[in-house]
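Here chain A shows up in two complexes: once beside chain B, once beside chain C.
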Partner chain A sequence: MSFATAPSVAAKSPGSVSGIGDAWQMLGGLKILLPFAVLVAIWWAIKAAGDIPDNLLVSPLQAWNAFVHLVTYGVMAEYASTSLTMLGIAAFISMAAGVPIGFAVGVNRYAAHALEGFLRFLQGISGIAWLPLAIIWFGFSHTTTLVIVIYTLIVPIIFNTMIGVRAIPEGYALALRSLGAGRLRLILDVYLPGALPSIVVGLRLGMGYGWRALIAAEMLVRKGGLGDLIFGARTFGQIDRIMVGMIVIGCLYIVVDRLIIQPIENLTVARWGLLQR
Partner chain B sequence: MSLQTTMIRLPALPGVSGLAWRLLPALPFVLVLVAWTLFWAVFHPNKATLPPVSDVVEVVWARMRDGELPAQIAASLTRLCLGAGVGILTGIVGGFIAGLNRNVAEFLNPLVVFFNAISGIVWLPLMIGWLGIGTALAVFVIWNTVFFIVFQNTVLGVQLVPEVLEQGVRALGGGRLETIRSVILPGALPYILTGVRSGLGFGWRALIAAELVGAPDGLGQMIFAAADYHRSDIIIAGCLIIGTIAIAMDRWLLIPIERRTIARWGLVLDATRKS
Partner chain C sequence: MTAGEKIVVSKFRHFYATADGPVQATDMVDLAIRAGEFVTLVGPSGCGKTTLLKAIAGFLRPTEGTIACDGKPVREPGRDRGVVFQEFAILPWRTVRRNISHGLEIARMPREKREKIVARLIELTGLSGFEHRYPHELSGGMRQRVAVARTWAADPDVILMDEPFAAVDAMTRLTLQEELARLTAATKKTVFFITHSVDEAVFLGDRVLVMTRRPGKIKAVIEVPGRASGRDWESFKLDRGMQAIIEKVLRLVREERGAAAPAASDAQPAEAPT
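Let's look at the complex of A and B:
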């Protein structure tokens, strides 16, 4: 799975030894920025050399000005916070509802077998495909966006929780049970830690799908959010706003993925690890 | 450890007939159908809000017969094939170039992480201006989605091939090309296929999203246009077809390919332990 590629790549950054380590890290930072500098230079060169009109491509400077404008007037904060709030609420609800459902299904082999195909099928129907129906049901509102994103997030979470619970060797549960542990104890000491790595994988995959579904839903619902920002800018031919919006979307997703989800994943794997050694 | 590869097959228990066990997966579908029918019989909601099951079946049947539905499916699948084909090809070639050269990989990695974060439909507003509404737009969006996933997985797969194997072929007099063909390609293949499978999943979603606003036809456009006329029956039918195609693609195309590769190039066990 593609998301599994990220941690191994990130892990290769130079280790921090005090003193020399700081210099290394600065160099590492430059190394990350260099490709973007090259990209911006190419972007600028194309704009300058091709004599491209502003309604097709703006220069990096114009994009930067648009960014400053959007930030100083608070527009960017408004749109970005709408998107992030939506994603946060959706992630919270999906985890709060999806994990218990996944457990309930996972501990019973019949339920798991019965639901596996159904969940696969639901996963095949992307959340965004339900958008037209959601618009009919809930109108052009935040509810519509939220329903779509929750649907997108919750299916992988339920599925992976279920898979995680099923994958726990039965011996562990039997061992605890023979020592007199109750159902709750079993869940807390065996199933939860055992399934956690899988749950986090589900969350991460769900976030990948969910973030895209959110942007797409915002484009069509047009009630705020970064998707609305870039799609609205299109109607007025404001390429600078579109490009700024895209860059912000990318940066925010990387921040959410790297600073929130990946640390959780690393913690879980390190603590209850799938790592054999 | 992917969503798809962690699939587990549970053995049938003694006492439960094999047939019942095999029919069990149909149960949720039946339950939903029953609940839907009962709900409709009791509350009689507006047909525009929730159509009865029979309406959905009828609309599928009618559209199948007049050839509209097959045409829309064909339009969507053509775009998927084009976009995914180009995406897979460029992803593998690019992934090999980056995977075989550490400097290139390190230079490209930040860019790949960033562009992967905005892959797919985020490009829609910009690309509508550049490419116009139509097949080129949808193909671009799919290419964009598939490429980065295949690329990242190919790079990982190439980098994880044990150097010993490479040196073995070298020592026996194999050239650079020979090494790539007989060691690195088979070694990386399982990863590449995981990337392709995952990429197609994202690509299919991106296609539907792109078609909602950026295509004159296709399944996404069909359900989006239906919303204007409050034709819930068409929307639900469309969603069910979208899901069925996704499942069919995975089950009859991607899983068999993956299985055959794993059976043939046994390296995958080794590779999973390393990751």
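Let's look at the complex of A and C:
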């Protein structure tokens, strides 16, 4: 009996899900834009009703004009690409180092126990708190910014990789060992794919924290990037640039998350049924 | 060792380290499984059944005693001893086909040969049409067929099964048991099968072993006559001889469940008193 129902349910679900999914996506698109529209409306109303001078608050239209100006002269592209490049380099280095470290800790029960408290301690010391030391050691340089961002990114990646490795059911590895699998096989076929959902979570968290740390570091280091853009604008009282910069910072993060991290999830974790949505 | 003996367990005693000191799981298990034999083991929960199976699989080192496969001592897991677990230990990130061929990939078998074997097992286990599905798209019964097919595909001499059908629904279980009997007869494997269902043990086994409560040892060995017509539940239920064997085994198992457990608790095994 259960055999007869299992295939039909499995065969039907993809079609029906995508049909409902389309409608949801359209509705979801509107829902996502609504809060932004409300925010802009409030902003505009405050500006107009309060008769606030331009050196305290600009109108959305003035901000838009500043945005067009910055884009036309290539200023925005330069600052934004500096920030994105830094984040990309930091993410690459953090993954390359953090995943193996998380693995090494995760497969060793004693190391995992020993390091859990320490990793939480590090999570408590934000990247920004390292800035004074980093500036003394590396000066006002890209190195300082990178060190801060990598530190911020790598801790959640290590932590979540470790948790992911430990959450893999024992039976997976035992079954494979009785099929003759060696250590390398176990890592490639069991531990790496098994820990991937958690690694993606770690990367996602890390990118979020890392992006914030990056902007903050750029404000102090002043060697380019969106943080530099908005902090520099403050010195000249360019409220419009500050506000445009902030909006771009938020938008770029959404783009990074949607365009890079979600596709990874959809290709792997969602397809394997390991992700509950 | 007598000729034809595939697995020999002698004087196996095992202790687990716990926070409250060592706990004895088994007490002096002696056991020999002949090549091509289907041996089932029943006993109360927590009596050390799984410990014994894990030791034969090579997942744990015996505290005392020895375990040999083909006369060679077992020290680690190996391709000669396949294992099917209760909890569907197939990999969620591999399709049905790739799960089944996993052991062959590990053995570096050429692709063509591999696909032939996998195709045959998909046919034998009734998984046709599901080759490219992921495990989460399958029912529990289907997933366990994949696990069985994966183990059979690797062609081990001995197959160890730890309550493989305990987590599937009752109807599916009957079908899977009949299919397993057929598959084993067709492939002439040596099987060691753990269960807490007496019916299942007698239905599948050439020999049924009954284990005492913890620390477990072999309490009785019951031979089950072969059935020329094959094994199916309908004729099994009508066979007086078989039902008498079930009664006998049931009595032996109940004695182990102790006076505290109600007599009619076969469906829900009582915990072994410590």
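One rule holds in what follows: the second predicted complex is superposed on the first by the 231 of 277 C-alpha atoms of A that agree within 3 Å, B and C clash if a C-alpha of one lies under 4 Å from a C-alpha of the other, contacts with A are read in each partner's own complex, and residues count from 1 in each chain.
Convention: a contact is a pair of C-beta atoms (placed from the backbone, for glycine too) under 8 Å apart; a residue touches a chain by one contact, two chains touch by 3 or more.
All figures in this text were calculated on a predicted structure; none of them were measured in a lab.
By the document's definition of touching, of the two partners only chain B reaches A:239; chain C does not. When the two structures are aligned on the shared chain, A:190 is found in touch with chain C, with no touch to chain B. When the two complexes are superposed, the chain touching more residues of chain A, out of chain B and chain C, is B. Residues 1-2, 5-6, 274 of chain A touch chain B in one complex and chain C in the other. The touching residues of chain B, counted against chain A in their complex, run 1-8, 10, 13, 21, 24-29, 48-49, 106-111, 113-115, 117-118, 120-126, 128-130, 148-149, 152-153, 155-156, 194-195, 198-199, 202, 204-206, 208-209, 212-213, 220, 223-224, 226-227, 230, 232, 235-236, 238-240, 242-247, 250, 273, 275. Contact residues on chain A toward chain B in their complex (touch as defined above): 1-2, 4-6, 8-9, 31-36, 39, 55-56, 109-110, 112-118, 120-126, 128-133, 135-137, 156, 159-160, 163, 166-167, 197-198, 201-202, 205, 208-209, 212-213, 215-216, 219-220, 230-231, 233-234, 237, 239, 242-243, 245-247, 249-251, 253-254, 257, 274, 276. Contact residues of chain C toward chain A in the complex are 57-59, 76-79, 81-83, 85, 87, 89-93, 102-103, 106-107, 126, 129-130, 133-139, 141-142, 147, 150-151, 154, 156, 169, 171-172, 175. By the touch rule above, chain A contacts chain C in their complex via residues 1-3, 5-7, 10, 169, 171-172, 174-181, 185, 189-190, 193-194, 196, 268, 271-274.
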